[in-house]
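Once you scroll down, you'll see the structures, which are given as structure tokens.
Heads up, the next two complexes both have subunit A, just with different partners, subunit B and then subunit C.
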Partner chain A sequence: MRLTVEKTFKLYVGGQFIRSESGRVLRVRSREGSSVNVCSASRKDFRDAMDLARKAQPGWAARTGYNRGQILYRLAEMLESRARALPTEADDVTQAIDRAVHHAGWSDKITALLSSLNPVASAHVNYSMLRPLGVVVAAPDVADGLTGMVEALCAATVMGNTVHLFVPATLGELAAALSEALATCDMPGGVVNVMTADVPELLGWANHHDDLDGIYVARAAVSAETLAGIEREAARVMRRVIVVAGAAAPASPQVLEHLAEVKTVWMSS
Partner chain B sequence: MSRTCTESDIRRWRASTVDDMTAARRVDRVRKRSIKVEAKVRLLELALSMVDLTTLEGRDSPERVRALCRKAQRPYASRPELPSCAAVCVYPSMVPHARAALGEGSPIKIAAVATAFPSGQLPIALKLEEVRRAVQLGADEIDMVINRGAFLAGEYARVFDEIVATKDACGEAHLKVILETGELGTLDNVAAASRLAMAAGADFIKTSTGKIQPAATFPVVLVMLEAIREHFLETGTKIGMKPAGGIRTAKQALHYLALLAETLGADWLTPDLWRFGASSLVNDLLRQLLWRAEGYYQSPRRFSVD
Partner chain C sequence: MDNPAPPHPPDTRHRLRLAGALELSPSIEKHPVTIHERYGHFINGELVPGQGDESFATVNPATGATLAQVAAAGQADVDAAVAAARKAHDEVWSKLSGLERGKYLFRIARRLQERSREFSVLETIDNGKPIRETRDVDLPLAAAHFFYYAGWADKLSYATRGAPPRSLGVAAQVIPWNFPMLMLAWKIAPALATGNTVVLKPAETTPLSAMLFAELLQEVELPPGVVNIVNGAGATGNLVVSHPGVNKVAFTGSTEVGRAIMRTIAGAGKRATMELGGKGANIIYADAALDQAVEGCVDGIFFNQGHVCCAGSRLLLEESIAEDFIARLKRRVETLRVGDPLDKNTDVGAINSQGQLRTIERYLEIGREEGATVWQGGACEPPGSGYFVRPTILTGVQQSDTVVREEIFGPVLACLTFRTPDEAIAKANDSEYGLACGVWSEKTSKVFRTAHALNCGVVWANGYNLFDPSSPFGGVRHSGFGREGGIAGLWPYLEA
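Showing the complex of A and B:
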């Protein structure tokens, strides 16, 4: 007879695995049927994570696209090496890994694709280029599993943003496995924070944090009422809201463009 | 009043020692205390009114000092009901600019660092001249640094005499004595330096210049508060306390006020007896106050950077 090793899955914030400051833990059923504990992020956890993500953002954006791509590719490698242990369907794992590789490939090309040299009616050189939004909250759809999480974090980070991934506690085990891959893939601390929580509640607090620059949400992840709340509060502070259908297909260049600001420069020629 | 120090005074200042572990444990306990929401709002406003808004950089310019004064008068333009800061703290050369910006008779005091801040390594005659000039230029308060080299070499009488001479040079101005605890090494030294400074005539004792790490820490502040309590029980005189350096968050400020209230009681919860030497702290205090008032966390980008 052996002692049961009970596990509590933690939040991944600022490159550290932490418990919620509130001490809140939700008990959910694991994939194998046993019962596991998942930390549930609170308003204060989010507030602290916001500070860390804001601090990490300029450094992440200043890296070359090539380097960001290397790190996302490394995430794919880390997921690949743990593929069998990941608590989700095999198809979900392969799709998620392919998705990370897909976005890794975009990272040093997307700016070239979406930037432009604009014709203007004066003696100026006028060009537009992309700048990251800043700090983004992402709420992927539970039904998209690991692919939904990887898609959201890759789409946000490939554009130079830092991102908070909001995941419901039912996916806590999977979120923890993804966090372990993130912690070992050379991704600097604070660039991706994974927070298991009561997602509508935490989104409510995100709405009230005016330092947040964007909310990326899968339509099926939230109720119509929650989405209306997100849009109303976003309008108050001109925060970008990006609503996606799901993670069946990788983010189009149009979606990626919404995860960035366009900066236009006039230069006398 | 002439002040002198004898060998027996020095032995007394050095006599009682501080147990680091107990100090750390007491600080931990105070920092874990929960503060209720209504009390928190009042404490945040109180903390705002206790800030010595500071700029002590080589790149200080008159305009920067003017901006600092405007911020001290009205920390957040759209909330004029919020209290103003206690003082601005600048180099002596900037005192006239601060005085011009604040006007005569302003409730916001002007504190000037003097005595060859931050090192204190000048002949005493020059240090005293600097103090006199700063007061002439309009400083209400003088923040002096002690001679740490002499203190660590055991020349306590020399440190004492220098503080006494500086106090005389201050005239009407209040004297804050910076111990620069980061260079004193041990809590025993901090306690001895605090006792020495108070005996020599300090109106306030202050932890640090902000130029040396570690600056203000909780155990150091606790030891200094305990020394202030001893001094009060012996002489009946209330000495003020000013932690400075590295205080950036409202949470730290609340913890310091809790430590103050637990050690010296509510009598000391006033800008006359407690100051925060800080600059970025004001923005975080504002952020927390606006969160309480409006229900939204402001972006730090919405506040002026001093």
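Showing the complex of A and C:
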């Protein structure tokens, strides 16, 4: 009899695969039924990741829409090439890949769609454009599987934000597979951080971090009580909370707009 | 070697001695407006006295005299208003075609234009702002706002970029006292255009123009319940926003109250728009047109006694021009007439309430304690009665000072300096707020670079405090979220 070589699934932060500084590892059941080890992110891990995401954000937002679109399309390519190895349903894999392709196409168009040249009654060139929220935490619904994770990270990054994806350890194996695709799709380090954790607990810590700009949460990802608590705490710093129904359909332009701020400039003429 | 003395010491070079030269002339304006002794609420198309016994007085801040007694709405009044709004939404307003809804808004805009003088005088009496501003800014902009959103009512599917435009239901709207009619227009016009109905609570120190607006709504035959107005202070506001029959909350006011409202409605699934405080930076580069920039600073902080959420209350001056610029600015501020708001020549009117007057005075005290030099201008002594503050300039302050960090909401300007564009941007962005900023330079590339690097919702290049119904307005971070004005002003009132 041969003993299996067990791998511990790590966190993906700042473009690196790292263990939790806390040393916390959870043992969960894999898709095939065996036991696997998944690192569980701590408050300190989040604080470190926050620094990296904040540093990465201006550079990511400053890239051209064309370039960001190509990187998201490259993510679709990387997922497609390992489609059969991804530990989830085949439908989930194809939907997730197609979702990345869909959002890749928004990167150089959404600004044109949601910006406006405002015909003010004075001698100014007055325009409103979108600028990113900044750094966003995303908690997709577990039931949405890979599609939920891809939908959340694409919606956030296509608007120029950097994002921390919070995933429960039960999806650790799938999250690690997604992280491997992210690590090889030319996405700069720190733009997407994937953290397996006790999601409500880590959301609580994240919500205490004053530098975080927004929380994107699928309605079913947390209990109604937890969601109310998140909204209450977010009010302390007027943090944006974006509650989405789920990942069955891609984010509409209206939802994408909630991941950005409208900025108006009155330019003298 | 000793440096020779400059030919003109900078602090006296631009000095004009105007104090005493411009005596205030008493207002010759006749008041073409009736102020009733008592006011209640406007519910389901009727002006009603209110079900409780509680009431409060609204005063003329320029004299301190009581103008009227106003009923404070309790739970029963708010229940009635929300029920009327719900019924009007479900049975009438959401079923009306966009074009017909728009026609009501056009009617409102027209009547506002026609009765503009009456509204201006009433607003000035109740608020304390100069008649010049209500006449030339508040009322024309309020009418323009209704006119603008009237035209959107039958074109909403173009604004939603493909999604079917669906109204949210009943909107609870709480507005401040600094621009009572303009804020009413900013709230009601987009809500009605998108098929929502409204329960509005005006500020307790400025309820009168909203009640005159209720009479106007009867005149234009707006269906009962589409707009309901309940009077009262914070307790009433809390009843309105927390009411379970409300789908949408729109608030303009302080960050502190906005935060309390967001906590109250947490978990309720209500959509929200928050227009909160600010500490706007007005950046003047050395290559700016300096005299125009002086005018911009005056418009930025002394307009409406500085009771403006987006006021340019932090002046950032490039070091090489700082001394000269402050001298020019002081010279200009020495010509501002402080006094009777009904006098057409008045530049700076009355502070809206005794409470706000105390707040401003407390901040000036803190400023002095923290080492600021406090300079007060104005062409004349303010009247002996009423609530007045002379236009004030603080120098010798730094980023960490209370008067530089916190919103004072009065005619108080804090002056700081910078050496490079990067330093100007860093200092401007070093604030919890992010509502509006100004940037002044004749060099286009510098203006664009600075404007786009500022972390706020609105930037004025070579101007300040400009507003237009077609131009989205709103902030980031502690200044709130959601936009009012323009296409973006429709989105917060439609299902995403």
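Convention: the second predicted complex is superposed on the first by the 269 of 269 C-alpha atoms of A that agree within 3 Å, B and C clash if a C-alpha of one lies under 4 Å from a C-alpha of the other, contacts with A are read in each partner's own complex, and residues count from 1 in each chain.
Criterion: contacts are C-beta pairs under 8 Å (C-beta built on N, C-alpha and C of every residue); 3 or more make two chains touch, one makes a residue touch a chain.
Everything numeric in this text was worked out from a predicted model, so none of it was measured.
On the superposed subunit A, the two partners subunit B and subunit C both fit, without a clash.
When the shared chain is aligned, subunit C comes close enough to touch A:A235, but subunit B does not. Contacts of A:H209 after superposition: subunit B is touched, whereas subunit C is not reached. Look at A:P253: by the touch rule set out above, it reaches subunit C but stays clear of subunit B. By the touch criterion defined above, A:N126 lies against subunit C but remains apart from subunit B after alignment on the C-alpha atoms of chain A.
Of the two partner chains, subunit C is the only one that A:T264 touches; subunit B does not reach it. Contacts of A:A224 after superposition: subunit C is touched, whereas subunit B is not reached. Set against each other, subunit B and subunit C touch different numbers of residues in subunit A, with C touching more. Of the two partner chains placed by the overlay, only subunit B lies in contact with A:R47; subunit C stays clear of it. In the superposition on chain A, A:N37 makes contact with neither subunit B nor subunit C. Put simply, the three-chain overlay gives an angle of 80° at subunit A, taking C-alpha centres for subunit B and subunit C and rounding to the nearest 10. Of all Cα pairs spanning subunit B and subunit C in the superposition, the closest are 5 Å apart. By the touch criterion stated above, subunit B contacts subunit A in their complex at residues 295-302. The residues of subunit A lying in touch with subunit C in their complex are 113-114, 116, 118-122, 124, 126, 128, 213, 224-225, 227-229, 231-232, 234-238, 240, 252-255, 257-258, 261-268. Here subunit C touches subunit A in the complex through residues 144, 160-163, 255, 258-259, 262-263, 265-268, 274, 276, 432, 447-448, 451-452, 456-463, 466, 468, 470-474, 476-481, 483, 486-488, 491, 494, 496, going by the rule given at the top.
On the side of subunit A, the complex with subunit B involves touching residues 47, 50, 54, 208-211.
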